[in-house]
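Shared chain: chain A. Partners: chain B in the first complex, chain C in the second.
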Partner chain A sequence: MIVTDHDEPRAAGRIPEGLPADASLRRVLLACNEELLMLIVPLPDGNDGESAPNPVRITETVTAWAAEVDRQDSTSLPVITVPLYGCHVVWKPGQAAVVGPVSRLELLTTALSNFASCEGELRQLEQRCVDLVATVEEDAPHAFEFEGRAVSRRGTLAGRFREAVAVRGRLAVLAPAAHAPPVHPPTLASQLGERLRDRTRLAERHEFAVDRAELAERLYEACGQRISEFGIAQRQMALEWAIVVLLVIQTALLVVDLLSRGVTT
Partner chain B sequence: MQLSPPPTVFLVMSASLADSSGKLPRVAIIGGGPGGLFTAWHLEQLTAVPLSLTIFEATARLGGKVCTASFASADIQYEVGAAELYDYSPVDVDPLRELVQQLGLPTVAIGGSAVFVAGRSIANLDDLGDVGGASARREFTNFDIRSRSAMTPADFYESGSDHAGDAVAGGRFEPALDEIGCGKARRYVDVMIHSDLATEAGETSCGYGLQNYLMNDPAYMQLYRIPGGNEQLMQAVAGRLAADVRLNAAVTAVGTGPNGTLHLQFRSGERHLAEDFDTVILALPMDALKRVRFTDTALADAMRQHVEHHDHPAHYLRVSVLLDRPVPVLPGDDAYVMLDAFGGTCLYVESACDPCATNGVLGWLIGGTAAVEMAFLTDDALVATVLDSLPPPLATCRDRVMEAHVHRWTNAVSALPGGWSRLPVDRRHRPSHAHSGFFVVGDYLYDSTLNGVLDSAEHVAGWVVAEHASGPGTMPMDRDRATMEAL
Partner chain C sequence: MSHAAAPRQASIDVLRTLAIVLMVVVHFVENLSGWYDGGSGPFEGVHRVWWLPTGFGAPIFAILSGMSYRLWLGVQTQRGLSDEMISKRTARRGLFLIGLGFAFNVLVWLPEDIFNWDILTLIGVGLLVLDVARRMPDWVVGMAAVLIIFVSPAMRVGVDYTAYWQAGYFDYDFTLTDVLLGWLVVGYFPIFPWLAFPLLGHALAAWLFHGTRSGRLRHIAASGVAGIATALVMTATWDALPAVLTGEGGRGWTMFPASTAYCLGTAGTVTLMVAILHQLLDGRRDDWGWLLDWATPLSRHALSMYLLHHVVHVWPLWVWGAVATGETTALWQVAMPPVASLVLAAGFLIGAIFFFHYVDRRRIPSTESLMRWLCD
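Entry: the complex of A and B
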């Protein structure tokens, strides 16, 4: 799910002090069109999280780094810390740190990117659901009865229906990732994914988002039906009037014809 | 774990259970452990008005192997017996889970992946590959595939019932382990399951071994505990019973009495007493069962055969330690780890689920041969020995011990040996056809779990109520026997 990634230059001030010299920053462009800034701190292989360099201090440092850096796209989600069998992962939207043996880093960064991409897309969809649900109350009367004065809103309602369907579609695509069952036998990547999904309540959030999108979809589908019925009724009325006019003309012509015959006779 | 349904399960009005004189049938349950309490619970649930029910418990407390105690130095609980409960609900209905919910008890899921072998943590396939190379990873994966093929989640759920598949009824577990061609992968599996088996791989059945391996897969089963102590489950059940509970009343003998009743002799304090009951349900662990004397020859023969068939002891040893400060977080936030010490030991971090813990609590669950051998050590020697087994992430806990307790559970469960055939569910619970009012309940009749004993209790309770409602000799098994005898 990673589109591109590249290592950030080791700019002064970006990487916190006290980390090993080979710590690096990596900026990953995720499939959800968000960026993930990853601080990668390699530990020597075979380090079980217990020997030097002091992993506890490193963990504290990267957690503080993730908590302090102010990013525009940061949300109310707290910083999540996952200790994982000699590795340590810190994550919040847009930002993450991975501490672990060199041989594990690639596994962890890939799993983290996959999770971040999934979470990022869900977060975007949640926002779209919020926007949709915000208009529900305003648009709800149109689901019962569509009046002539609302004709100008037809395009808007159709657009919202398309948006609701699109959100539901994206949520359906996301469902297998959000509700993925635990893998057995586990791998390090699967364990990280499971813990992050669990801690960010991804499955529950996905369900709530589906509920909201479903509500909006049902509302705008009903609106669409009322609009369609309104359109049909309008066309029927025009047709009826046309028939009436034609009948009147026909009658008038008949009367004229009869009168003209009477005069001739 | 699930059983065939009880002979008849319905709500029976107490009036229909009463005899012509209007007297309610007298039911005695011998044993106040999970088997006895669950049986009493089901009996009361199946009748609109409580039966005349008496529970005899030889000790001063109810709950048996489900026991939570407190340390003296701090008001902190630790599990003396069952440290975890099994949740089969990912596969099908789990009566124990439903009972816990029905009683309004909170639960918390627990888990752990790390297996420490030679001081090195193996928590996933990547770690196993690091330790044993590609062959270890491949061999373990193949074993996993074979295990799943041999026992599906549905087979796992049905184990213990009359419908259990071949894997459960099959041979010994050791040959299945021997198929793992890599020593390191084999050791990993050994350590992972040893403490749950409570016996050695060569002394249990393939089905039981596979069960204890597959229980690590969340698709088969999940683990949970009750915050504040698992004994709350027993207390909650006991607190809702209307039965006459007699503590410190050890039943010494069972025989036949007048008018088809059963005659109980028991000791209450210094007094030796006797009473007659219409139905007697023996809900005792195997070692206690062997101490009961049966004065009726036919009953004694039947019980001797019953004991001979089911007596395959497996052993546990629990060591619980209170620390002066919380335990460092385990790698992976786990609630327990497996250690290769003592043939394979589970080390629970019992304080892990409490974010406000002021002290740490560690609990070792030692099983099998090691549990028997170590049971002869003094408590101090045992505590020193288990502290030596602490894995690197918890090594610092050694110097923080405030208090320690040892509990020996030798002969506590069944090893379910290979090549041993299970009896049909009805026969397991009624050892003597000639004594229609005599039943047996126990975890050893199923899979040595709390879920198993609940199944056992439910089966017997349904049977007892149905018999009293319809009269002896009317149940399917009795009819079958009568037909066989006629033939």
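Entry: the complex of A and C
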């Protein structure tokens, strides 16, 4: 599900100064086809006195790193910091940092990757919903009545219907992850996931996205019905016109025949 | 409301100019020097073959009337004109042309020929029919055109077509039966089969200018070739065909009556030419500026040209005949040798190009502007 790619720090994603020497950067390719640049800062398991790194300073450093790097790519979501049993997790779309004892790092990075994957996919789906909803007003008249001059838009409307159904489908698949109930007994990983979901309002965003996708799906389903009715009506009308043409020509033949008989008599 | 003019299709302009040239040549030569198919004219026998292309003038005009109407419809729709208003304008234009056709017949061909059913009345009726046909699916319009072509021979057999044609021209009595039959079957340009051409033009324009399928030009060209091939086969096997296909009044390729082979052959040729010219000219006005510079004024004033060229050569013929012999029509078809009438036709065409350039430049009202003023 997740492909990791170690030791390829981007130029903009260098390890900041002031972190322990064993801090590392990891690029993770998420299931939603997004990359997550993860800064991993291991802390010693025990208290080594004054020689131990200051966790507060490290947290400030990695938070600043997350806020600084690729600022131009940042979304509307702010940098989220989650302190958890002596660990610190910093996350924003595309970037994350995990600070904690070595023994817990693997659990935290896995939980973080799973969350980032879910959030990334939801964010993509939200964008697709926004694109769909943006066309709703333009296409709404076709859901009521489909006219001949709109025939050229048939393919576009069909494409948008497929898109709405696809988004709905992906949102349905995503629902268990977005609305995952608390695990009992709680674990470090499950708690991290819950807190990140809570801070990023994942469940509410999912519901809003479902609402938007439903709106688009209903609209384009209605458009599809109107297009189908229009097509059937067109075929029936064509048949009626063909019959009318045949009747007119038959009438013309009859008239010519009657006129020519009048000439003969 | 925006009233932007429709972009002119260079292919239509060139094709219509070709029709005008053919029309002027055929009318000058036949009216001044003889009737090629009447048994005594200068274009019988070996000369008949090279005179045949002149028979394409009327089908080109009729097909282009259907194509132009379709393009005109597109412009009216773009301007947001209601369906009712489009119908009103179409009906006014159709009735204008029918009225103009009757007036033309009286003034040019003298009152006894008022009901000879010339091409103006055909195109006028065609516009009225196209107002209904525009609501039909294009394939039904095409089907109607083909049906009209194929039932016409049976109609000619039924009405004894040859009885209405004496010495190569339409000779009718002033009775309701003859007038109606002239309009339907036996006139110069009767509804059956000539109405097929505007209908075909309408369907062709829909296919050519509004279609979105790739390779439509190849399909159109193939349709044209199919029409030509059918016409050639029919002409070659004419004697073996049943009377219901050949009709009465002519053998093989004849314009009066418009035989099935003639209709299919001319329609196929024009379709093929439209496809070729569309490929070569449309959207490339700059590359063909020299050609369009002289073709466009003639094409734009095709209706005026039709009226003017008749007035220019037929009225002097009547006056000359009346003065010289006391009989108005005494010099018809015997006024001069064909070479002289050909020279006159060429001179008229050259003069017309300059004249209509002048008309356009000075915005002098013409028949076309009168029609638009009255009907739009």
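Methods note: the second predicted complex is superposed on the first by the 223 of 265 C-alpha atoms of A that agree within 3 Å, B and C clash if a C-alpha of one lies under 4 Å from a C-alpha of the other, contacts with A are read in each partner's own complex, and residues count from 1 in each chain.
By definition in this document, contacts are C-beta pairs under 8 Å (C-beta built on N, C-alpha and C of every residue); 3 or more make two chains touch, one makes a residue touch a chain.
As the structure is a prediction and not an experimental result, all values here were calculated from the model.
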item	value
Contacts of A:R104 with chain B and chain C, given as first, second, both or neither	first
First, second, both or neither for A:A172, with chain B first and chain C second	neither
Touching partner for A:L188 - first (chain B), second (chain C), both, neither	first
Contacts of A:L84 with chain B and chain C, given as first, second, both or neither	first
First (chain B), second (chain C), both or neither touched by A:I232	neither
First, second, both or neither for A:G262, with chain B first and chain C second	second
Contact footprint of chain C on chain A as seen in their complex	149, 152, 234, 237-238, 241-242, 245-246, 249, 252-253, 255-257, 259-260, 262-263
Chain A partner contacts - residues on chain C that touch it in the complex	77, 135-137, 139-140, 143-144, 147-148, 151, 154-155, 158-160, 177-178, 180-181, 184-185, 191-192, 212
Complex interface listing, chain A residues touching chain B	48-50, 82-86, 103-104, 107, 181-182, 184-191, 195
Touching residues on chain B, where the partner in the complex is chain A	113-114, 120-121, 123-127, 130, 140-141, 144, 216-219, 329-333, 392-393
